[in-house]
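Read from first to last, the chains carry the letters A, B, C, D, E and F; within each, the first residue is number 1.
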Amino acid sequence: METLDDFLAAGALGNLSWGNLGMLAVGVLFLWLAVHKDYEPLLLVPIGFGILIGNIPYATGLGIGIYESGSVLSILYQGVTSGWYPPLIFLGIGAMTDFSCMLSNPRLVLLGAAAQVGIFGALWAALALGFDAPHAAAIGIIGGADGPTAIFLSSKLAPDYLGAIAIAAYSYMALVPVIQPPIIRLLTSPAERRIRMKPNRPVSKRMRILFPVVAFLLTAFIAPGSISLLGMLFFGNLLKESGVTERLAQTARNAFLDAITILLGLTVGASTDAERFLTPASIQIFLLGAGSFALATAGGVLFAKLMNLFSSEKINPIIGCAGVSAVPDSARVAQLVAAEEDPQNFVIMHAMAPNVAGVIGSAIAAGVLLAALR
Amino acid sequence: METLDDFLAAGALGNLSWGNLGMLAVGVLFLWLAVHKDYEPLLLVPIGFGILIGNIPYATGLGIGIYESGSVLSILYQGVTSGWYPPLIFLGIGAMTDFSCMLSNPRLVLLGAAAQVGIFGALWAALALGFDAPHAAAIGIIGGADGPTAIFLSSKLAPDYLGAIAIAAYSYMALVPVIQPPIIRLLTSPAERRIRMKPNRPVSKRMRILFPVVAFLLTAFIAPGSISLLGMLFFGNLLKESGVTERLAQTARNAFLDAITILLGLTVGASTDAERFLTPASIQIFLLGAGSFALATAGGVLFAKLMNLFSSEKINPIIGCAGVSAVPDSARVAQLVAAEEDPQNFVIMHAMAPNVAGVIGSAIAAGVLLAALR
Amino acid sequence: METLDDFLAAGALGNLSWGNLGMLAVGVLFLWLAVHKDYEPLLLVPIGFGILIGNIPYATGLGIGIYESGSVLSILYQGVTSGWYPPLIFLGIGAMTDFSCMLSNPRLVLLGAAAQVGIFGALWAALALGFDAPHAAAIGIIGGADGPTAIFLSSKLAPDYLGAIAIAAYSYMALVPVIQPPIIRLLTSPAERRIRMKPNRPVSKRMRILFPVVAFLLTAFIAPGSISLLGMLFFGNLLKESGVTERLAQTARNAFLDAITILLGLTVGASTDAERFLTPASIQIFLLGAGSFALATAGGVLFAKLMNLFSSEKINPIIGCAGVSAVPDSARVAQLVAAEEDPQNFVIMHAMAPNVAGVIGSAIAAGVLLAALR
Amino acid sequence: MASDVFGFGLEITLVGLGVVFLGLLLVAAAIALMRRLDERWREGERRSEAAALERTPTIDSTTLVLIAAAVATLVGGRHRIRGVRRLLPGESAASAWAVTGRAVLQGSHVIAHRPRGR
Amino acid sequence: MASDVFGFGLEITLVGLGVVFLGLLLVAAAIALMRRLDERWREGERRSEAAALERTPTIDSTTLVLIAAAVATLVGGRHRIRGVRRLLPGESAASAWAVTGRAVLQGSHVIAHRPRGR
Amino acid sequence: MASDVFGFGLEITLVGLGVVFLGLLLVAAAIALMRRLDERWREGERRSEAAALERTPTIDSTTLVLIAAAVATLVGGRHRIRGVRRLLPGESAASAWAVTGRAVLQGSHVIAHRPRGR
């Protein structure tokens, strides 16, 4: 019964480890959070199911594992490892994003810069914990709260930690409504949280067309390393705003974005087999990520308070938390916290400005880190 | 006139063979069956046109043939040879399939297992005809009546027979309405064919969400070799049923599925150039495939009769034929045969249960064969 | 401050050249033409933004440039360099094109052949200027007025000139309304321009289904080198016309076509960095391209006049200009010029016949050149 | 050298333009031939269309059975189908998977015979 | 040799068919088990549905706030929201990006308080 | 070693945060500048919009000719186009291929001057 032996040797039950069981539980948890709690389901369903796929144990040599060259999963995973899924996701996001909130309130853009302090704080802490510079930078980028940016940078600087960094980034993005409110409340007074801001002014079509071109040129000259991400983001936005390429924008934000989201989520999930994922480094990465999110939130809020010192038109410091991109969840968090104090105070439109600026900010930071450490 | 000579040497007329002419006729036949007879047009139109493309003779060296490295066709064909088109098709099929029929009638699932006897019967016969084990297994999988499964397994075990196996599988799937009825009538009595079954009970949303996760874990632990196919199938189904990822499911079952269907059909068709395709082995493969379909049909029907011996709630044995997946054609065949005896007897909803179970069953069989023979 | 040095060395400002500035201006010009003047926006917006991306200067070694192996742009550019984007665009175009205009007026097909004289005239001139044969052929194909065909042929025969040839082809296609009218007026008398043609007769569905199959077989036998392009064109058209594969045709002409258009336009644009693009050869290529378009226009118009010598049913020679494919712009030009003489003379439906025939004609020419020179 | 270039250019122009014209001539000839056949086809089609207009089933028999099955399942009692009208004309006919999906969906969402709340 | 082939074929058939049956048996058993649990879930669902029918918010509180914000911005004065009806039921709930896009769009196209032409 | 790490971390933080702030400051400045220009544009737009409201062609002249052509072909006799209303506003304007496809389709499905059945 050699065939039976072969079969059993290749089977799952013989190779099952406690680690795999634990990861399967994590996968199920992700699916439960997504389906039942509605936490970022478009990301957590593919990632959660991917974790299941990646943690079915099997003998190697069947050519089916994500780390076996030539397997289907490894081929689909190439878009992650060679880094071209993230820019295409940015293309779709660009074709979906309305930058009007930034255009009508340019000074709020700075809040999106301030929140990037989370990236560098975590980088520093990671260095202190003994990670080398490229790995520390890839860990720091978790604080950018942008899945594609984190995957892009870690595929270049820390491919071995890619799974842990990506899972940490997406987990904390889903947990933004849990992480941010206490920090905001700690750092602001009720009076500050009741500040009302003037409604946004309308923005002309021409300005919305010009913006992606101008913003691309400025950011690309400052940080060419961010071209892959920001080029695609602003290109997608131009497709959306130009008014003459609507069918391309449609495809970019629908079929294209969905297809890449499915493949990226699934393969990132599948890359987390227990043996590679359940390591002390992963635990450190998760801790650093949590700190990074907290620091980024604090950075945004405190910078808003700082700006209020120098300006007569006060900013509600709550919206500083939205500089941690995690679009659009952190902007919603800002609204919820503001409404606790004054249910008639609508800050979400203002919070969208640091929110999308935070996407640009962390892409610039990734570009700098890529240029400095690669 | 060197240019003219070059041109004629590269031309089609000089290189034309009777084999190519025959294959061109086959291509036209496929197109006629698809367009005029409406036999599986979504598969036969791409395959048929692909056969035309693959059998235009031309001098090699132009870099346009599907077997010339670097040509456009060879690049698009990589999705077949490296086996990643089939799982993506299963993703789309999963996002399209409603497993409720199985969920409301679990014992009918076994009919989908019984029909896989066709696979192993053909495997045995192929061994007897002198094929070696991996090739015999790839030939046997034709009896699974699942194009993507057949292509996936033959790309791994018998790449040289891939074209013949794929064409045989799709041809017989299109011919299911011709092959199955006589076998069913032979093996069942009119009284059996008049058995009425109770209507399906409704299935809760929660159960439809849980099913793909549970079924994936069970089948993946039993046969890890089937992860590539079943992982994608159940992942697609979860996208459909979760209720929170509808846009991903939409893309998976539309743009994604269509794009891969086009590329897979066209390149599989184009891979059948006369020189490689018109061989004695191909004729044997076609004969074995026909036998395999017949045996699978008989297996499903007889197993239904066997189950009736042990159960008071009788199964109409006609629906056993639907275990030969070929979704949904064999379920329709069941309905047509049943209606011949009693036009008011509606078995198609019950037949869908072995039908989709047969998809799972042949993917498991492919996983076992992959694990045992690779 | 080593990090700062590293960063500045990698920065854009240090590496900026006048060439880059010039190309950035060209990119902005393309965007302006597309958005403000509505000149072929689906092509010029991606190309224009691509030019911006390709001309942000940066130190090499960051792995972000389109010519750096492994970069995201270089991966997306592979569809251009290995030539598989153009056939997929032809697939979408085929699924979009209605050949009825040709079917109801077969003799107008010859005008689409006559206009290809522009290709060979430019080829000759390029040889005279000292280009070697493959490069001259790739330059000549600009006169085919078909972006995908030009890119496909130059990726095979003149990869180093691909950017210049593609940009020239798309630029002149956008400028067709400027280039063609004076040439038409020069070569025709007002009386000729007032010729009215009988309205097109309807075409049966069966004929529209048969046409792509018959036309593919004929053209592929005559010029097998054109299989990659024409196979996809006629396959797409069969998907459209068969009536049984509408969902595949839908995907081919929407999501599929849009996605490839975005990637092709963006990467072709990005391939034009100043150092490679701003060369004397590029200037020559642009001049030859302009001549090629003019000659093609003249060829179509004069051939129509020639046909009128031998036929009693006169052709309005204006529609000869539509043999320069540039679908559908040159057909519109024909209509505009005709309407100047007689606003009630509607030639656009007739002009569509040479227009789509010109697409086939230049693909055949590309096939011949590929076979002769590769 | 110059004459070589001239000769080569002439040759490739003659061959190339010749093949282009030949190809499109063949296409034009094939179309003309097909038009002849087409005339007869159209004549036949016109006649059959006229006949078909009188009273045609606009749906194939398999689908009719499917609908009958669905109705039987839902209504659960005596019924008679008086006519079937297609709702999604274009794509549905082409996509077997879609049709199945729909049929199966209907089967799975059986309407309860009495309101759930009761 | 022939018996070898026979033996090998027998072995792979037994193992293969065995695994196929085992796999689908487990699936069938799991379904049967889930159906039991399902009955209870359905019972509970039925009850909660009945309760829910009375007067349910069909929209989550975040969205309600968003709508309130938009209305406040647009109307710019005193107002009271009397009810909210969802227009795009299916996808909108799932796609956070889409919702945001819409929210932001509304923010950016603020209706002027008086007609522009005036 | 520890101080090295500290120093490196400080350096990369200063450079990194500096560039992020510089980049977004430039973006903010550019937006502010554009807003100034924008005010003037909007003023102009408002005026031209008001003028345009009076009686505008909502369709470009090429398309008008195409429609005229189609109508002429279909009606086949004397006619006068009194007005043209656009049916598919969004995409159709952008996609030249789509417009052409439609125009050509219309040309190919010429309506017979008398009902076919007669």
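Rule of thumb we're sticking to: contacts are C-beta pairs under 8 Å (C-beta built on N, C-alpha and C of every residue); 3 or more make two chains touch, one makes a residue touch a chain.
Keep in mind that what you see is a predicted model, and the values were worked out from it rather than measured.
Undergrad: Going by average Cα coordinates, which chain is farthest removed from subunit A?
TA: Comparing chain centres, D lies farthest from subunit A.
Undergrad: Regarding the subunit B and subunit C pair, does the interface count as same (over half of residue numbers shared) or different (under half shared)?
TA: The interface of subunit B with subunit C is built from mostly unshared positions.
Undergrad: Please work out the Cα centroid separation of subunit C and subunit D, and write it as a whole number of Å.
TA: The answer is 31 Å.
Undergrad: Can you work out the whole-Å distance between the CA centroids of subunit A and subunit E?
TA: Between these chains, centre-to-centre, one finds 23 Å.
Undergrad: At what distance in angstrom does the C-alpha mean of subunit D lie from that of subunit A?
TA: Here the centre of subunit D sits 45 Å away from the centre of subunit A.
Undergrad: Going by the contact rule already set, what residues in subunit F reach two or more other chains?
TA: Correct list: 8, 12, 15, 19, 94-95, 98.
Undergrad: Subunit C: which residues touch two or more other chains?
TA: 3, 7, 41-42, 203, 222-223, 243-245, 247, 250, 254-255, 368, 372
Undergrad: Under the stated contact criterion, what part of subunit B meets subunit A in this complex?
TA: Counting only subunit B, the residues touching subunit A are 82-84, 87, 91, 156, 209, 213, 216-217, 220-225, 227-228, 231, 234-235, 238-239, 242-245, 247-248, 250-252, 254-256, 368, 370-372, 374.
Undergrad: So in the complex, which bits of subunit C are touching subunit D?
TA: It is residues 102-103, 106-107, 109-110, 112-113, 116-117, 119-120, 123-124, 127-128, 133, 137, 203-204, 206-207, 210-211, 214-215, 218-219, 222-223, 243-247, 250, 357, 360-361, 364-365, 368-369, 372 of subunit C that touch subunit D.
Undergrad: Given the complex with subunit B, which residues does subunit A contribute to the contact?
TA: Contacts found on subunit A: 3, 6-7, 10-13, 24, 28, 31, 34-35, 38, 41-42, 45-46, 49, 52-53, 56-59, 61-64, 70-73, 75-76, 254-255, 258-259, 261-262, 266.
Undergrad: Spell out the part of subunit D that touches subunit C in their complex, as residue ranges.
TA: Residue positions touching the partner: 2, 5-6, 8-10, 12-13, 15-17, 19-32, 34-35, 38, 41-42, 45, 90-91, 93-95, 98.
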